[in-house]
Amino acid sequence: MSPLFEVQNLNKSFGGLAVTNNVSLSLAAGDRLALIGPNGAGKTTFVNLVTGNLLPSSGTVRLAGQEVTRRNAMERVRLGLVRSFQVTRLFYEMTPEEHVALAVLQREGKSGRMVGRYQAMPQVMDEVRDILHLLGLLELSHLKVREIAYGQQRLLEIALALALRPKVLLLDEPAAGVPQSETARIEQALDKLPPELAVLMIEHDMDLVFRFAKRVIVLAAGTVIFDGSPQDVTQDARVREAYLGSYANVGSAA
Amino acid sequence: MAASMNQTLAAGAPASRNIVGSLAGIATIIVIGIIGYYLFPNNLALLTRIIAIALLVLSIDLVTGYCGVATLGHAALFGAGAYAAGIASAHYGASDPLLMTLIGALAGAVAGLISGLIILRAHGLPQLVLSIAVIHLFHEAANKASSWTGGSDGLSGIAPTALLGLFEFDLWGRTAYIYGLALLLIVFVLLQLLVRSPFGMLARGVREDPLRISAMGASVQSVLLRMYVISGVVAGIGGALTAISTQVVGLDSLSFTLSAESLVMLVLGGTGSLYGALVGTVAFMWFEDVVSAANPFHWLTMVGALLIAVVLFAPRGLYGTAAALVQRVKGGRA
Amino acid sequence: MKKLITATIAAVVLSSAAYADTIKVGVIGPFSGPFALQGKNFKAGIDAYFALHGNTVGDDTIEVIYRDVPQPDPAQSKALAQELVVKEGVQYLAGFYFTPDAMAATPILEQGNVPMVVMNAATSAIVTKSPYVVRTSFTTWQTSTPIAKVAKDAGVNKVISIVSDYGPGVDAENAFKTAFEKEGGEVVEAIRMPLSTNDFSPIMQRVKDSGAEAVFAFLPSGPTTLGFVKAFNQNGLKDAGIKLFAPGDLTQESDLPALGDQALGMQTTFHYAVSHDSPENKEFVAAAQKAIGNPAELSFPAVGAFDGMHVIAKMIEATGGEQDAEKAVEAVKGLSWTSPRGPVTIDPESRHIMQNIYLREVTKADDGSYFNKEIQTFEKQGDPGLEAAK
Amino acid sequence: MQTVFSIAVDALAYGMVLFVISIGLSVTMGLMRVVNLAHGAFAMIGGYIASYAARDLGLGYAAAVLLAVAGTVLIAIPIERLLYRRIYGAPELTQVLMTIGITFCIIGIANFVFGPTLKTIPLPDTLRGSADLGFRSIATHRIFAIICGLLVAAALWFLIEKTAFGIKLRAAVDNAAMAAALGVRTEFVYAVSFAVAIGLAALGGVVGAELLPVEPYYALRYMVTFLVVVSVGGAGSIPGALLACLLLGAIDTTGRYLAPEYGEFFFYLAVIIIVILFPRGLAGRFK
């Protein structure tokens, strides 16, 4: 059986500077893969290549058996590849309920309806409530998003992704910017993700990576330098070099 | 379980409040319409004109207020409707007012599609410039096709027949006014349904964050284009109403001036709300009428001062600021 | 509430009944905006008429109600005309600077039993739109036709026509072409340029390439005329001996101070020059300049308005103040009088004004100001535009 | 061939006049991110002051130009402090509303003070008349406008790219908070940039008056042209604005020569094509 999601020999360079260098990886249903790497390793570029916001210089991206290398972001979403954003991108004047409802409607192909209200569609409302409940956002469902805490906005990002019922979920630093006290809620939310879902998580927070991922890929200078279990990653010489070697540069890079 | 019951109740409350609110709004329009009829029985022609422009401003609100597209060329849609309805009557004898309205709506939709296809190719300031270019092209086209449009002399010879075969469009403009009011009400009710529908929600999403919308698998471009076509229908109806009620169409209906003025009316009333569009139109046109009658030589200065005052003291527009005030008072009480 | 409404209506009805011997005249024109100067001239002409002849006819007092349509906007014009007739109860509609605005109001004349006196709008066809339209201004055909003879007499055979691309411009082009070809001349090229043209250099290049001996031009008065005349001079056309012919819109008195030396020697044909030498005109100019405030701002719309008020006064006289559009219009058909511009007659058939058209040359006066000096008269010109349309 | 040259000269002259008038707007829109529809109004004020100084006070042309620039800036300072400062960073539509309001007021006041007629600025003898280029003649004043345009472009480029003030300005534009933290007085920087932009508007109004005569509706009549030019060039870019002016000048001039009756079509079609191909302007610095 071919994997659900597969990247082969992906390259991207900006004016001669190779930012993504021959990266390959694959995901099957139920996988929990974490992609880590020091600052400037090319993680953001990689995300953009995978989601279709950037076109690669060479290489292929396959999703559910189809080649999607040149397809745009929207089509990839429809084929089941859904992402969350590193910096929350939400509709700040709308409520969490509206967010999730919009996602559910979009998935069901009903978002173009010009009459009727989602509140009057029982299955939609049931699903919306279920998802909000799952992520503990139900009591906030009628506040405007700009009025809720950042940690809860991060949860809403995940809720939105879930509402689209993806086959492959790409979580771009789900805990970024969330205060330490609230990361536990993000972890809980991640634990509740459907087991058959293939998840690729980009993350800085190593605690979260160790708890969540079954497999880790380390990216440095656009190249995959490690692919293996979380247990082995800290022992790997190249990973240590990439991270420790980069400490000296952190100050100037930031 | 109890908690979730409470949530359900809470969820139901704002929904029903919305419906009550919208019914109240419709009732307000009807009441104001009737008061207008009896209070200014001799000004119905001007009131009808306000209605036609209100339809144009509502139409701009759909793309600007709900989708975040900045445009200074929206009169193209209005003028297309006005000319189509006028040409149908003057050249083809299609003078039934309902038919003319339909033709206007269709032409508005086509114009919406064309200008949407062009204007949506850019964002921000370049988008504004594209819209300006579009309105100038439409204007020039109408000026050039003078055998159809009458060019700068205006298209005359429009003679709508009696509405439903019963009501003549008379000198007092009663029929035109009531017809216009009915059109406005129908459009308003439909638009209220639209902006609360899933599609309306999608459009608001596009305004706030297009990237997020495409990350949800929806096509931003398609949403905007559909909205442009709907907006064209609304503006086209407004244009047809002008053609029917004044029986003449001029190049001004395809002008940059009208585009800019109606955008100003929208911002004055408050973007992103249908009431804002109506309030803005009525306020601006009323102000213009009063001030230009009182002192035509200086009314421009006063309109300018009004605009500055609105930006300084009511930045969300008249309706938006009033609504926010009401909200705050209510919030304070709760 | 209902009481209040009834009371309001009653008040409106009563107020119009109480002043039965006040005859209201509704004047629509551009009183604000870029064309406000023309509206100001309307008002000056009307005020001058009242100053010289009083505002009473028999027992009746004339009251003028002004309504503003800043730019061509037929819908607005129609709405205001309707309001004037229905709400203000005017017995006469007058003014109308722009053709579309006048055209828009014609359908309500018969229904409202109201005559319309056009004080400026210059497209021939307006008078055909309703039997209740009388015009006291001019048509573009009327003022553009005689210049063809002037050109031919000056020995010019090949002319290039340059007009602004809108109704009056096209009228001017057709009028000149028709007349000039009748004289045996040839219009080698006819250029229509957008109204918004700022830089006329490329047009002047076309003139050079065309090999024409003279230019016939029509542009609306205002900022573009200045650019046009300057471009004509600075691109060496004047020095090359190419002549410039135009109807008087190009040398409107209010533009002359700005045109200055650039316009010296320009020949235009028009129905009225502020400098016209007659006792009637001296009287008129004195009154109108007083009314307008700044004497330099006075120009032709004022005389259209002045004569328009004369026609309305005659109409009131004929009807004894009763509202009877047919009788009123009938009364002025064939009416002749001496206007500040010279002898004029309302043509009984077309209801358009027959008048002298003058050839004028821009001349510097002793005090350093510029004026249109009349040097030739074409007597009793009708409107060739109506003929051409037949 | 001679015709081609001739058209090219016309295009250059027209483009440079556009440049002199529009470049100030490019500064406000690109560097200060204000959609300043009142730009033309300030150019008009400059024109009026120069006309008053030269015609009614009988001062020389150079003195009139200086007076116009200084006077317009002086008038603009309170407007900046009271009104513009409130709309920095506001949504585009708000800026449009405010600056249209300002434009209307200025038009109304100009109409009241100077009347509705055209005002001219008498030229000195050296700029009057025409110069012979061999194959054609051109108004001396046009040559003056071309030189002015080049000087302004060079001076602005120097100011923004090569001076300490330019560095501060660019910093303030890129990241106002950061610049402030580094000790740049952003309010001061903004005020100075605004003054420069207004001064350029006034200069453009005076130099361009031969082509775009001064009258109260100047501010509205040419508003769209200025906006289009700046946007096509890419707001905030001096080379971009120069390129846009020359290109649009060429298109406009050629179009009006070849097919004057479709002049408007050519111009706006070209604008649509350029904007779609270069959504950030020919040399846009910012999104």
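Remarks
Letters A, B, C and D mark the chains as written, and numbering starts fresh at 1 in each.
The definition used in the following text is that a contact is a pair of C-beta atoms (placed from the backbone, for glycine too) under 8 Å apart; a residue touches a chain by one contact, two chains touch by 3 or more.
Since the structure is predicted, the reported quantities are computational estimates derived from the model, not experimental observations.
Common neighbours of subunit A and subunit D, by the contact definition above: B. Between subunit A and subunit C, the least number of touch steps comes to 2. Chain centres defined as mean CA positions place B nearest to the mean of all protein CA atoms. In this assembly, the chain whose C-alpha centre lies farthest from subunit C is A. Rounded to whole angstrom units, the spacing between the C-alpha centres of subunit B and subunit D is 34. Here the CA centre of subunit A is 41 Å from the CA centre of subunit B.
Distance between subunit B and subunit C, defined via averaged C-alpha coordinates, is recorded as 36 Å. With touch defined as above, residues shared between interfaces to two or more other chains in subunit D number as follows: 111, 261, 264. For subunit A, residues touching at least two other chains: there are none. In subunit C, 33, 36, 165, 194 are the positions where the chain touches two or more neighbouring chains simultaneously. Taken pair by pair, the chains that touch are A-B, B-C, B-D, C-D. Those residues of subunit B lying in contact with subunit D across their complex are 64, 70, 118, 121-126, 128-130, 132-134, 136-137, 140, 144, 256, 260, 263-264, 267-268, 271, 297-298, 300-308, 310-312, 315.
Across the complex, subunit B is touched by residues 29, 35, 83, 86-87, 90, 92-94, 96-98, 100-109, 111-112, 224, 227-228, 231-232, 235, 261, 264-265, 268-269, 271-272, 275-276, 279-281, 287 of subunit D. On subunit C, the positions that touch subunit D within their shared complex are 33-34, 36-37, 40, 165, 191-194, 196-199, 201-203, 205-206, 209, 222-223, 226-227, 230, 234-236, 239, 254-255, 257-258, 260, 294, 296-297.
Of all the residues in subunit C, the ones that touch subunit B in their complex are 5, 8-9, 12, 31-33, 36, 39, 66-68, 71-76, 78-80, 82-83, 85-88, 99-100, 103-104, 106-108, 111-112, 123, 125, 129, 165-168, 170, 194. For subunit B in complex with subunit C, the residues that touch the partner chain are 38-46, 48-49, 52, 140, 143-144, 146, 150-154, 156, 170-173, 242, 246-253, 257, 292-293, 296-300.
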